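Labels for the chains are A, B, C and D, by order of writing; each one numbers its residues from 1.
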Amino acid sequence: MIIILKSGTPVEEITRISQEVSETWGVTVEKSVGTHKAVLGLIGDTTSIDKLQVQEFSPWIEQVLRVQQPFKRVSREFRHGEASEVVVPTPNGDVYFGERHPIVVVAGPCSVENEAMIVETAKRVKAAGAQFLRGGAYKPRTSPYAFQGYGESALDLLAAAREATGLGIVTELMDAADLSAVAKIADIIQIGARNMHNFSLLKKVGAQDKPVLLKRGMSATIDEWLMAAEYILASGNPNVILCERGIRTFDGKYARNTLDLSVLPVLRSLTHLPIMIDPSHGTGRSEYVPSMAMAAIAAGTDSLMIEVHPNPAKALSDGPQSLTPDKFDRLVQDMSVLGKVVDRWSTPAFGRVGESRILFTPELSK
Amino acid sequence: MIIILKSGTPVEEITRISQEVSETWGVTVEKSVGTHKAVLGLIGDTTSIDKLQVQEFSPWIEQVLRVQQPFKRVSREFRHGEASEVVVPTPNGDVYFGERHPIVVVAGPCSVENEAMIVETAKRVKAAGAQFLRGGAYKPRTSPYAFQGYGESALDLLAAAREATGLGIVTELMDAADLSAVAKIADIIQIGARNMHNFSLLKKVGAQDKPVLLKRGMSATIDEWLMAAEYILASGNPNVILCERGIRTFDGKYARNTLDLSVLPVLRSLTHLPIMIDPSHGTGRSEYVPSMAMAAIAAGTDSLMIEVHPNPAKALSDGPQSLTPDKFDRLVQDMSVLGKVVDRWSTPAFGRVGESRILFTPELSK
Amino acid sequence: MIIILKSGTPVEEITRISQEVSETWGVTVEKSVGTHKAVLGLIGDTTSIDKLQVQEFSPWIEQVLRVQQPFKRVSREFRHGEASEVVVPTPNGDVYFGERHPIVVVAGPCSVENEAMIVETAKRVKAAGAQFLRGGAYKPRTSPYAFQGYGESALDLLAAAREATGLGIVTELMDAADLSAVAKIADIIQIGARNMHNFSLLKKVGAQDKPVLLKRGMSATIDEWLMAAEYILASGNPNVILCERGIRTFDGKYARNTLDLSVLPVLRSLTHLPIMIDPSHGTGRSEYVPSMAMAAIAAGTDSLMIEVHPNPAKALSDGPQSLTPDKFDRLVQDMSVLGKVVDRWSTPAFGRVGESRILFTPELSK
Amino acid sequence: MIIILKSGTPVEEITRISQEVSETWGVTVEKSVGTHKAVLGLIGDTTSIDKLQVQEFSPWIEQVLRVQQPFKRVSREFRHGEASEVVVPTPNGDVYFGERHPIVVVAGPCSVENEAMIVETAKRVKAAGAQFLRGGAYKPRTSPYAFQGYGESALDLLAAAREATGLGIVTELMDAADLSAVAKIADIIQIGARNMHNFSLLKKVGAQDKPVLLKRGMSATIDEWLMAAEYILASGNPNVILCERGIRTFDGKYARNTLDLSVLPVLRSLTHLPIMIDPSHGTGRSEYVPSMAMAAIAAGTDSLMIEVHPNPAKALSDGPQSLTPDKFDRLVQDMSVLGKVVDRWSTPAFGRVGESRILFTPELSK
């Protein structure tokens, strides 16, 4: 259930209403203050709450609505239609993820292999235009005998790359026992597709402060994915970015997964959270990455994650889906042309999108 | 197996080689003459043919290669990498489908409902920029009690719309018994997703002259889809356009199907045939259509099929996925901006793409 | 909508009610007379029919109910819970398919290859206990270059095998043009998985008399499958057997398809039609066939279709999933032990199941 | 790579060979001693090991073979075809899981709700013939707002039920932090479908002694499932039981998941580990459970897990798929009839299967 307050409601009145609602019905109240109006979200058992009775709490209350979806805090309804933004501080400045901001580019190798390799890659992707470096210290691998990542020592190398370039760091957490080590160097903590349903881990990243990149499980429905995000928000962390990385279907012969770009309009209507697309895992083949990255931009993504490796043929993992730094450089150039057309690009991408025309007329989706 | 001939090989020599190869090994030989070189494709049991022996047939033979794929005539290898184009004569002039041509737009209602409606829709989509009108006379419906299309009388209405606007007509054939009636008015014959594996029907449209739009079966693999196209080419009709319309996955709650845009780079590398994307069936909801149409353009589609209905709420079929003419008009405007950026747009779209820069650098995919 | 008549309703009264209902509301009325009561099914637009008004037509009317499912004639509700049976005359006598009859075994090769082979196989499967011979004259093949079946001449060989053994013949129809030729020799006409959505073909087999074996499409939902059967019944042919043959899922490495045995309890509750299981196509590997055949019996199937080939290694199609006659012989022996335990076996299987205890207590499913 | 030793090889010789192989090539050597012969499995980088050189280590070596599969310790090849058994001590005696033992029945509610309920259910399922009680203390739930299990206090209630009945306890572990608490009372630790790809957790249950029940991930391929088991064995715990619980497909309208019974013959040929089938989660509806349980027995399962709740309508989770104790009682009676026919039943089921005829002739699968 949400309470929409009139424009100009005094802060003390918002506080008073929150407290009274909370005390009367034993629910948690969360405020989200947008440009024009404030919205109070009620979490807990709201089935017995009478809308009219709430309405009478204050003349500043414009409307009281029930949230129809099973997900509450992540739903767009819960913020009365307003998008949220995730702000991530990096050495180079704050980076904003969200539908009113330029597209954020995350790039780097599947796994951190050694210092020279990760620092060099960081420099190359920064020069090309990326704001974040990705790189795995802990790697979920199908086989126990496959390379499992260099763990904590790889985290140190990511820190070195961060220092050398000022890029923010995105790296995956697989085990709650590594949370403090990962959180120390990561600017964004990634939860991988295989752990999207690891509810214990979701609760733990929800109970700390670093933003979370939540990849879609390989056969997770949209509802399940949003409920996984809800676990994180319900544990206290509102900074979640949703990342589509391809789903499992009946055909994996050419593209290893099926990149589901329709999540862009679908999620946009269901949730206020920012969206990232990963065409590298999404297709599993570097030659398919450019066209899918371009498609993601045209379809309205807020961010892209692209694998880049200085020597894909010798990568310790996921070589076939990695671009070389040169190809990545040319792709970002193409992306920038398209990004400017849809008014979602800035160099460097640390600002807010201007007021110029947005190509993809938003009302069309209404 | 294919024989690549040197640039400048005389026509008589091509004919001579074809005949000799054909007589020596009992295979069928198909010529495809490109801008720079000619390629002879050998169909039949080629396992016993010795490449060196073929090489000796003529000094004009540059190279002899085996086609690795199970599909032969549709494979890109079979034309030694050269794309094909499908040319469709319409009252307004010839329309070209292919990767070196402007994007072709097909629009119209799911089914033909009455003359006023179809003619009015045709005028609107033409004014917006479409080159073809789609409309179902015969409708494959899950329920025998649902509206099955007006059949032959609907074909007459399509003819009227064609006459009124000069647009080409795309309409579905479900039953070989209706082939001559459909072929009489259709400029392109559509084989729907449910009949992609109806091999008898494929053979029949392969044995006539009208171009064929082959929709992907709802759970057809890429290989199966190309083999279905191979049935048509093997029966004698080289004019096939492949249309992705969404596949069936585990989640159909929001988007009814999962539009698989990765077919664009995948098919591009496997086949020389032109590609169309249908975001209307691909998502099943009109509000998702614009972003998927834009994505398809950015990813390199040759054509789009979009459902448009003057009054979607009252449509006899598939209303929820149809745009109104007004929304379609605005979408085409957005599409044209993007189409020009990728150098795949012309008004009217009846020419060849110029030599200006193509946004999506083709070498990236190499 | 259905009208349930009281036990003992006179035939003339049934006729009178049917006519009056039909005339009053313009619906089609279909009678199904069971052991204890008769049920009238109303097909057409029944939304405006008032149940109470129907009730007053006759004191013999016990109850008037609406059918909730989108499928009508095939739904179990439509016969007020009573199973139907499909009776197929064969030279050896009538064979009954249905949940109150012994399990019917259909066996034979994927395709008819030559007379010696098909007659020999027929003799072997008959000796082992089969009641029907299967064998393809027309074969749906992914590749146009693969063996497509010997067509009409293969039908003659099936006729010879029928004459030699007295077995009934099950063979596939792919093209309406072959219907009269196929119907002349087939005792049951098979519609294959790839044509389950070929509505034109469904209407045509619905408009003739031979029983139809309707295979489930490789990604057809239960509802779509039942609606396909509804097409046949709606066209006038009530003799349909539903055959599960494996669905397409994300894993085809070991078992080629995923045999969905849960259709047995699911279909049993939804439809009155008899059910067949095909573990050969369902798994694609002969070594998996025996355990799946046994499972199907334990789960309550009415019939089994099993591929048998005298020399699987040399089969023109589907060799890997075919049993040798020896292995089939031993499998039927095992099946008979289990079939007797569940009281669904008779030798020869041309009778009605006795009154002895049925292992799988039916009330458990309530 | 495996080394098969001749029948009668002295223990000291086995030890000597193990040590020498280990020292020469730096691999880990694992012994499995069967009835007739011993097999040494070599784990590590065996690519450079020459088979002939190994052969010369001892005249007791019968054969040296490479394991072709990506999974090593779990593969059937690794034990040269011999099945393994998992022995679980319970207050009522040791229970054996494996293809040469009677079918083991695990039953109980989805979650532990209170002491009376769990003790009563334990008594009822024991009386019906179960050897294990299942019950969730920690529940993986899609929604963070749904009942998450009573956690540690529920573990105490399971201990009470164990004490009251002597049944072994199977309960799920979701978080490594709860491992010692769970291991203290569980006789078998369950890893749920959502955590099958949680490699950190797999390693942790692999590094302790309690047997592990590994459920198949909802869209895990057979290979991925076996590799997950390999993680546990590679960490030191050989006691793993594989549990099929239904996979995610395109149709969840009636059966919530698709129970993949073909895993029985498939896994039997690939792995030596025991197999359990869970028809309750596998179908999601109690009325489908009996026929699928019977099918699993006929197809050769080693064990069954069935949800039983004293009052399904009021269950805190998964009520629709739970049988009442009465229905479970009748199902076990039916199961026992079938179990005896296939010679996989004993009352009580704590012995070894006798030498009587096995219905499902094993050679058929060869």
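The working rule: a residue touches a chain if its C-beta (ideal position, glycine included) is under 8 Å from a C-beta of that chain, and two chains touch if they have at least 3 such contacts.
What you are looking at is a predicted structure, and each value in this text was computed from that prediction instead of being measured.
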_Chain pair showing more contacts of the two, B-C and C-D_ = C-D
*Report same or different for the subunit A and subunit B interface, where same means the shared residue numbers exceed half of all residue numbers found there.*
same
*Looking at CA centres, what chain is most distant from subunit B?*
D
_Centroid distance [mean C-alpha coordinates] between subunit D and subunit B, Å_ = 50
*Just how far, in Å, is the C-alpha centre of subunit D from the one of subunit C?*
37
*asked:* Quick check: what residues of subunit C touch more than one other chain, meaning two or more?
replied: 219, 223, 248-250
_Show me the residue ranges of subunit D that touch subunit B in the complex, using the header's touch definition._
219, 248-250, 252
*Sort out for me which residues of subunit B touch subunit C in the complex.*
43, 70, 72, 140-145, 174-177, 194-195, 197-201, 203, 218-219, 223-224, 227, 230-231, 234-235, 248
*asked:* Help me check something: in the complex, which residues belonging to subunit C touch subunit D?
replied: 219, 221-223, 247, 249-251, 253-255, 258-262, 264-266, 269-270, 282-283, 287-288, 290-292, 294-300, 327, 330-331, 333-334, 337-338, 341, 359-361, 364-366
